[in-house]
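The structure under discussion is supplied below as structure tokens; questions concerning it will follow.
Should a chain be cited, it is by its letter among A, B, C, D, E, F, G and H, assigned in written order, with residues numbered from 1 in that chain.
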């Protein structure tokens, strides 16, 4: 696993968290629902995007987030270059008084996939500037390792492109990232349903970030509860050590001591 | 889904159950652990096999099971013919004062796969004799439908052969069984890890039966907790309605209102 | 594999065949195309359905099939009971002067899945009546074994329901069927594209039956060629013995003898 | 598809090739077998590694390769940095009188995965120096696009790590690379068996590179033939246009005109 | 009963026939019976060799099948 | 036949018995019959309530089963 | 240059300002600046503590961002 | 420096050489240089056409590569 933990807690940049669920707030249809979702999900961190304000809209979202008493993790969603991401991160720090940043630098608006080059450059700059960088990355084990190398506090590989709900397309790579990582691994993007999140934790990820799968579910609050239970299940499963996969059947009831049917001679006479 | 339910409960043969987890007791290394496993798992039913007794062994297992106050579901594990299964079921009824039976009629000792012909025959006889038959079956939707047709109270399709831990090899068939079933569908056999159980419930199964994956886990009690949380997650997820799988990425942060970097003329002058 | 073979040939009921492709003729949009498809596909057998004739339609299809000089394998498609299938088989024998029959007894018009009970019953009757029965079956290894037990000349498990093109949903079961079968195993139904057919042969199937994937392809004749090449590839691959799957990378170029870059002191001086 | 083609040919850097198979020569146990493998496989290109020579070994391999009259594609296998790769490429150009290079820059000796940063740097330098660069890359669509952007003549994404034989771990990404690529896409690494190669071509790749799966097969020559047929099958399938995957069964025999069994009054009288 | 009132069922359709008509006559009259055709009379196969000697009886049920594209 | 030569089969093992012995006697003598035990006599379930009234007969075949970990 | 002719760009929109106006004045005038708001002036973050002392200059480019649902 | 004390590195191995020796001499002496061989001198490719005119210098580093099975 990405890092040693005690009990159910895990640690990012020296700070301990209990829930293995990070919540993305995008995609919600209404803020009242968001409030309930946060309460039910009980996430360790709640992500927010930084966007231009206009007078009318500026207050309600932030007020709701603030009164949940959940640490806020601003992101740099929508940035295409290192310089955009770095400035966005700095404005987030100023706005929210946090030096934690979920770093997202995407290559294009269609795939929303990370740009490895701009991402690494931004990560390096932000780490140098004192940020705690949680880097949204693709599932390339080499890039994850480079991001750790420049000082990121966590790597956040995708399971599948943002918003697709396709689950973990390449579990092999996620396992490789986990095996080689010295920082927490948080599966981000692609999760469509709680079993995906459970699988991520079973593969050894330290946590998952879920947005769309909760916020756009038919019943977001019910789905928040499902994920909340799911991440607890997944981390417990990882710790308890699953059975090996076997190619041949193995009886779970003893094959010895089964009854034998022998019809008696008395019956046969009749 | 296999049947209409209210809240978290589901109903088999008119009896309501809260937990979506049924526990198989085979494969456990020691009975003290079994006791803890049952407490932590909180299953709706606990399965037992019927085996020949000898004076020394007869008491301890049954006493442990009895004091858990969990309904016991005897099985006919290890029976190869309808007549063996029917007699075993009747002896289980006499021994345990229950007319519920998990009907298992296997074709051979290697694959442990159900024999469709003997299974259906036994199911018919037992239903006629007043039993509540929960039939362990393969993942063939036609056989599941026939079993319901002769009056089984639940169908228990396998995910993969018993004890393999390979998960749900053919989710397509499980979905088809669920779509066509008028009785509860309980995924039985093949589950290796909690994400498999969550997936089963997300596919619409009413419950799962888990034995090996808990009893042979490195830490059976920890794994019991993981499954207990997992089934709660799965049923909540099914009810909350997952997001559709999309082939193309969909931004979870708004693409509008992003900052634009324009260096000022003042800076350019300097 | 289902049966011992020499060279590329395989044998059903004592008759040797060269091509691993059996062609189903349903779904074709026009009979001229069918003629080209058969020429290009070069199948070992061509299946036909038996249907009520009216004066106008009766001749052209049969004439086309006959002049290809490919053995015809009539089927009992659309039969729901053993008695329908048996009568259909007998009429096919009368019409086509062949005692070979692809036995198909389905459970319902939606899933088109085999009915194990009527299927086995029909198989038994037809074998007793001297037919060479090639039985279309689900992917249950137990049913496949029973069909062989009553004297079927080949078993034809499905990869996925007829016409879906979903490929082989449960390769595990197909492998199990192959491992246990003493008669040829012909993968039937579900194949969507040549890689599915290649996979079937790599798993050890003796042949594949393809209808929809060719007849409803955008270019049926081109697809016939693709499948014709594909089955030759698959059987060659099975015989040549694939490499094992490894979890860790293994260099295909030697790691020894690589160059080392040492800049010379001469350059450094300059 | 990566690029427009006519008939069966495809084009890399303006040069037309007929076979969709590129052959890697590593892993072969003996050079006589290699010679037969090349003859049977009929590849468009044969890759070689550049390694330090000693007096005894230097001639035989190269002589065998040369007399096949197949274009040689040297690689930079085993290089960890751009500078190593660039020098290796230049030495290959000098040795083999070709400005074609399969560019491989790996991150570490365990995973053998490409290093995106050194790879892109080397690609840029080599393109500037007049090379035709065929870049071995991971399955990240963004990196593939960058490689094309700096002027690579083809991108060669991996299906799985080198030598694993795990097939195409993430077909989604391969499809995305194909959809966005203006240069040929050649699936490289991970192919274990011909059905993997067929799948790659069905996904729209222009060609595949196979080494281990042939050279380390139980019968390399037989496997070479299997792959040779497989790539022809795959490209034909891609062109012919596969049927869509359907969730519901679709009859391939007409459901109309089936016989109906009505027992006659004459029989019933008797 | 007069011959003119008698009917047989051919592929689900009622067809009148004349007393003394054989199966061969029926097939010929209906334009059926090309090569590759099989006939079942009352759910039993009637070999082509017997068409000439088999008289139609009232309420006989015939199935006349031939191969079509399928499977 | 003398009573001393008579045997029954209990879970596959031959056991001699004395004429007049009941199933209840047998269970008691073998230390079986704890709660949760079921007996089949010649492939028919014998309810516990009938153990006292059921006499052993030569060649009777008994299965004595109880729940064990399984499934 | 007259003050009336001067403009700054705020979130991509041109806004006239009066000479001597501070960033704090601008935020107040536009109804922005609630808690959780950050300002960048010419691509450099301007801490809230400096809003009062920072004078607007012609062609200044301001980005005014705040957290929104996302990610 | 005397010629006898001079060495070059060829594929990682130290090899003495005599003053005045060319790369062509070196290749010939070591039995290398068959068709398909490339030489780099101090990390720069040395075309075969220049082997005859290139004098060895002390501490020169040579890489001599040829194609092998791989990839």
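Simple rule for what comes next: a residue touches a chain if its C-beta (ideal position, glycine included) is under 8 Å from a C-beta of that chain, and two chains touch if they have at least 3 such contacts.
These numbers were taken from a predicted model, which means no experiment stands behind them.
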Contacts common to subunit A and subunit F (chain labels): B
Chain pair with more C-beta contacts, A-D versus D-E: A-D
Whole-Å separation of chain centres (CA-atom averages), subunit C against subunit G: 71
Euclidean distance of C-alpha centroids - subunit D vs subunit H, Å: 36
Intercentroid distance (Cα basis), subunit G paired with subunit B, Å: 61
Where subunit C touches two or more other chains, by residue: 24, 26-27, 49-52, 75, 77, 83, 87-88, 91, 111, 113, 166, 211, 252-254, 257, 259, 261
Numbers and ranges of subunit G residues touching at least 2 other chains: 11-12, 40, 43, 63, 65, 68-71
Pairs of chains, among all present, that meet the touch criterion: A-B, A-D, A-F, A-G, B-C, B-F, B-G, C-D, C-E, C-H, D-E, D-H
List of subunit A residues in touch with subunit B within their complex: 24, 26-27, 49-52, 75, 77-79, 81, 83-84, 87-88, 91, 109-113, 161-166, 192-196, 198-199, 202, 211-213, 215-223, 225-230, 232-234, 236-237, 239-259, 261
Parts of subunit H lying in touch with subunit C, wherever the complex brings them together: 9, 12, 40-43, 57, 59-61, 63, 65, 68-71
Footprint of subunit E on subunit C - complex, ascending: 24-28, 31, 34, 47-55, 57-59, 61-62, 65-66, 72, 74-75, 77, 83, 87-88, 90-96, 102, 104, 209, 211
Residue numbers on subunit E that touch subunit C, as the complex places them: 11-12, 30-32, 34-40, 43, 45, 47-48, 63-71
Touching residues (chain side subunit C, partner subunit H) in the complex: 252-254, 257, 259-267
